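Sharing a structure with you now.
Going in written order, the chains are labelled A, B and C, and every chain counts its residues from 1.
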Amino acid sequence: MATSVESHLAVARGDRPGRVAAWAGRPWLLRSASILVVLGLWQWGAWASVNPAFPSCTATLAAFWELLVDGTFAGAYAETAGPLIVGLLLTAIGGVLAGLVMGLSARAEWLGLPLFIVLQASPSAAIVPLITFVYGIGFTAKVFAVVLLSAPVIVLNSYRGIANTPRSLLEMSDAYLASRRQRIWKVIIPAGSGLIFAGLRLGVAQGFTGAVLAELIITPTGVGDLITYYRSVADYPAMFASILSIIVVASVTVTLLQRLELRLFRPELRPA
Amino acid sequence: MSAVQVQQLVKEFDGGIRALDGVTFDVPKGELTSIIGPSGCGKTTTLKVVAGLVEATSGTVEVNGAPVTAPGPDRAFVFQDFALMPWATVLRNAAFGLELRGVPRREREDAAREYVEKVGLSGFEDAYPHQLSGGMRQRVGLARALAVDAEILLMDEPFASVDEQIRRQFQEDLLRLLSDERKTVIFVTHSIEEAVYVSDQIVILTRGPSRVSNVVRPGVDRSGGSDSIRRSQAYLDWVEQIWHDLQGYLER
Amino acid sequence: MAFSLLVWFAVWEVVGRLELVSLLPPFSDVLAAFPEVVSSSTFPEAAWITLQAFLIGMALSFAVGIGVGILMGTSRAIGSLMGMWVNIFESSPLTAIVPALMALLGFGLPTMIVTVFLFSVWVIALDTQVGVERVNPSLVEMGRSFGASRRVLFSQIVLRAALPELLAGIRLGLIRGLKGVVIGQLLIAVLGVGYLFELYSRNFLMPEFWALLIILFAFAFLASEAVAYFERKVSFYASSR
């Protein structure tokens, strides 16, 4: 399923050195201006709309500030973070291992690849409500939701990283008498580490989705609960502020991971 | 005394493609033997069989009397596309053969450093491949092959991906290096001029399914400067003759 | 290779028969439930509304996504300005926005359409941008030297050259759009297949639940493979552009 296009798309999309460099290196001026424009549009939209559920930008930002200062956000994120971090750790370790095994063993690949490809393409979110039947409505259920949504992308990317080691490097290691173990640890894994990390970054993004979904559907805690609660009391500025907060947190996290990835792997992905 | 003996080497790939159809030649010890021939004639395949990277369908390859079944410490390979690990420094890449053999770090780095210097890259030990030009990268590949101190050096079109201007310099540098090292070299190239310039012996293959069309010894006198060699009548005659031979096979 | 799925189905059957997991009935029961699900009175309506939301939402994302992507790809300035936003939303938990949509647009089709749109448009825009950026400038110059008009340049040269990336983006967009429609319906829970899922799980009709899920999975997979088919057809020129 990974065409050559997709592999260089993975390099290009959002992870472009040019891309990040372009707007990371640009003067803050342009980015701030863009943010202000969007906020301005929002404000205008809210003012022009008759929908009471469309809070103005200023009201939302005010609510955001309040929730930040009075510790509501802190409390909520403390709750959301738990299952998110545990789930991501599980998929990070388990997923990379699974991808590794699938990349190295033809049998494992035959068994696992179609399964994960199907899981990746499917709306597995539909399973989330079912989780309660097995795991109740607690911590475990939420961890399961995070794992369910983040695992396929991590496994598939790790697999691709391992299975697509450049032929030339493999031949070189054979020519210089590498043992099977040396081949795996000194050549295959380092060569695949870029894609593995990319998979982890994508997995983190999906993990956030899983955590939010779990909190909206399974059990009201953390940020999900904030969103649901404020909607139920029709406090739209606070509701939108909560939504804004998770978008910001997720984006910042993923952007930081992107920067890290660029620093760690970019020069090394250029062909030797 | 032959370092390498190739007898009736046949290689057939999946799908019935017969690349080699009974290739036979000897490689004298301590000399540089080139293999040339039309594109796709299996020169690289032959080299890789000698290296032990590709298994022959039938026929034998012997190195110092012992049959070849797999890569070994007696042979070192230089790759056409360099095959450097992009995440490792020049020093580590050059020392890689030794690293794989379990040579302790201090020792292998010292050895590698020596060869990095010999190929003219001193100062670049801590650089990464992406920071180097194509020519420099190939020199790292050469350092790596020399560092393992194998008796036989196998070079697969080593200068194909290198600039034309640098190429000539490399040929000369290579000859100088080899005169110090006393190795047996098998050198695959598609450039007749290159083959005539560097080789003691040239094995000419026909187009695939290949056999050996001819084995010649140009005997170019290298005592003059390199420029005079390249203009000498003997040199030019050899190039002309081989070119003719190959043409004959191209038309058949 | 897909035959390994048969192995997994066999495992499912065994797990179900041994009643190892209460959620998993034997696979054969699930298969038996297919006709029941499809012929139930609620299914056609649910499927229809889901399909509507999906198709309209996707059509919107194609139009906007490809359009914006082309803009971002052709103009460096627009590319980096909008790029920031597109990147942010592409990796955000958009699920969080759905409750807001429900508050603004109600519990019906509009919310679902917007959800599908929001889930899928970003990746389509990004991949279109990459595709357009990667068009070999000499191709464009060649076109201009032969006197091609702007419109022709675009449709015949740029779009065609960018086709592999565009299709990849569309395939990913389809998958995300489907996830969007399901998530949207799970949260809304009174319409479409989301409602059906809710119904089946509430009454613990597990075979029916899994049958419906597999129908959705199969739909997602078929749609994605259909695009992948076209992708493969054009990828032959991807490397030689």
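We adopt the following convention: contacts are C-beta pairs under 8 Å (C-beta built on N, C-alpha and C of every residue); 3 or more make two chains touch, one makes a residue touch a chain.
Nothing here was measured: the structure is a model prediction, and the numbers come from that model.
Enquirer: Measuring centre to centre with C-alpha atoms, which chain is farthest from chain B?
Expert: C
Enquirer: Could you compare the number of C-beta pairs in contact for A-B with that for A-C and name the larger?
Expert: Per the contact counts, A-C leads.
Enquirer: Give the identifier of the chain nearest to the protein's overall CA centre, each chain being represented by its own CA mean.
Expert: The most central chain, going by mean C-alpha position, is A.
Enquirer: How many angstrom lie between the CA centroids of chain B and chain C, rounded to a whole number?
Expert: It comes to 52 Å between the two C-alpha centres.
Enquirer: Cα centroid separation between chain A and chain B, in whole Å?
Expert: Here the centre of chain B sits 48 Å away from the centre of chain A.
Enquirer: Let me have the rounded angstrom distance from the C-alpha centre of chain A over to the C-alpha centre of chain C, please.
Expert: A distance of 17 Å separates the two centres.
Enquirer: Would you give the residues of chain A that are in contact with at least 2 other chains, written as numbers and ranges?
Expert: Touching at least two other chains: none.
Enquirer: Which residues of chain B are in contact with two or more other chains?
Expert: Residue numbers touching two or more other chains: none in chain B.
Enquirer: Touching chain A in the complex: which residues of chain C?
Expert: 1-2, 4-5, 7-8, 21-23, 76, 79-81, 83-85, 87-100, 102-104, 123, 126-127, 130, 133-134, 164-165, 168-169, 175, 178-179, 181-183, 186-187, 197-198, 201, 204, 209, 213, 216-217, 220-221, 224, 228, 231-232, 235, 238-239
Enquirer: Okay, in this complex, where on chain B does chain A touch?
Expert: Residues of chain B touching chain A: 51-53, 71-73, 76-77, 79, 81-87, 96-97, 99-101, 128-130, 137, 144, 148.
Enquirer: Where on chain A does chain C make contact in their complex?
Expert: It comes out as residues 1, 3-6, 9, 12-14, 16, 19, 22-23, 26, 30-31, 34, 38, 51, 53-54, 109-115, 118, 120-123, 125-130, 133-134, 202, 205, 208-209, 211-213, 216-217, 223-224, 227-228, 231, 236, 239-240, 242-243, 246-247, 250-251, 254-255.
Enquirer: Contact residues on chain A for chain B in the complex?
Expert: Residue list for chain A touching chain B: 168-169, 171-179, 182, 186-187, 190-191, 193, 267-272.
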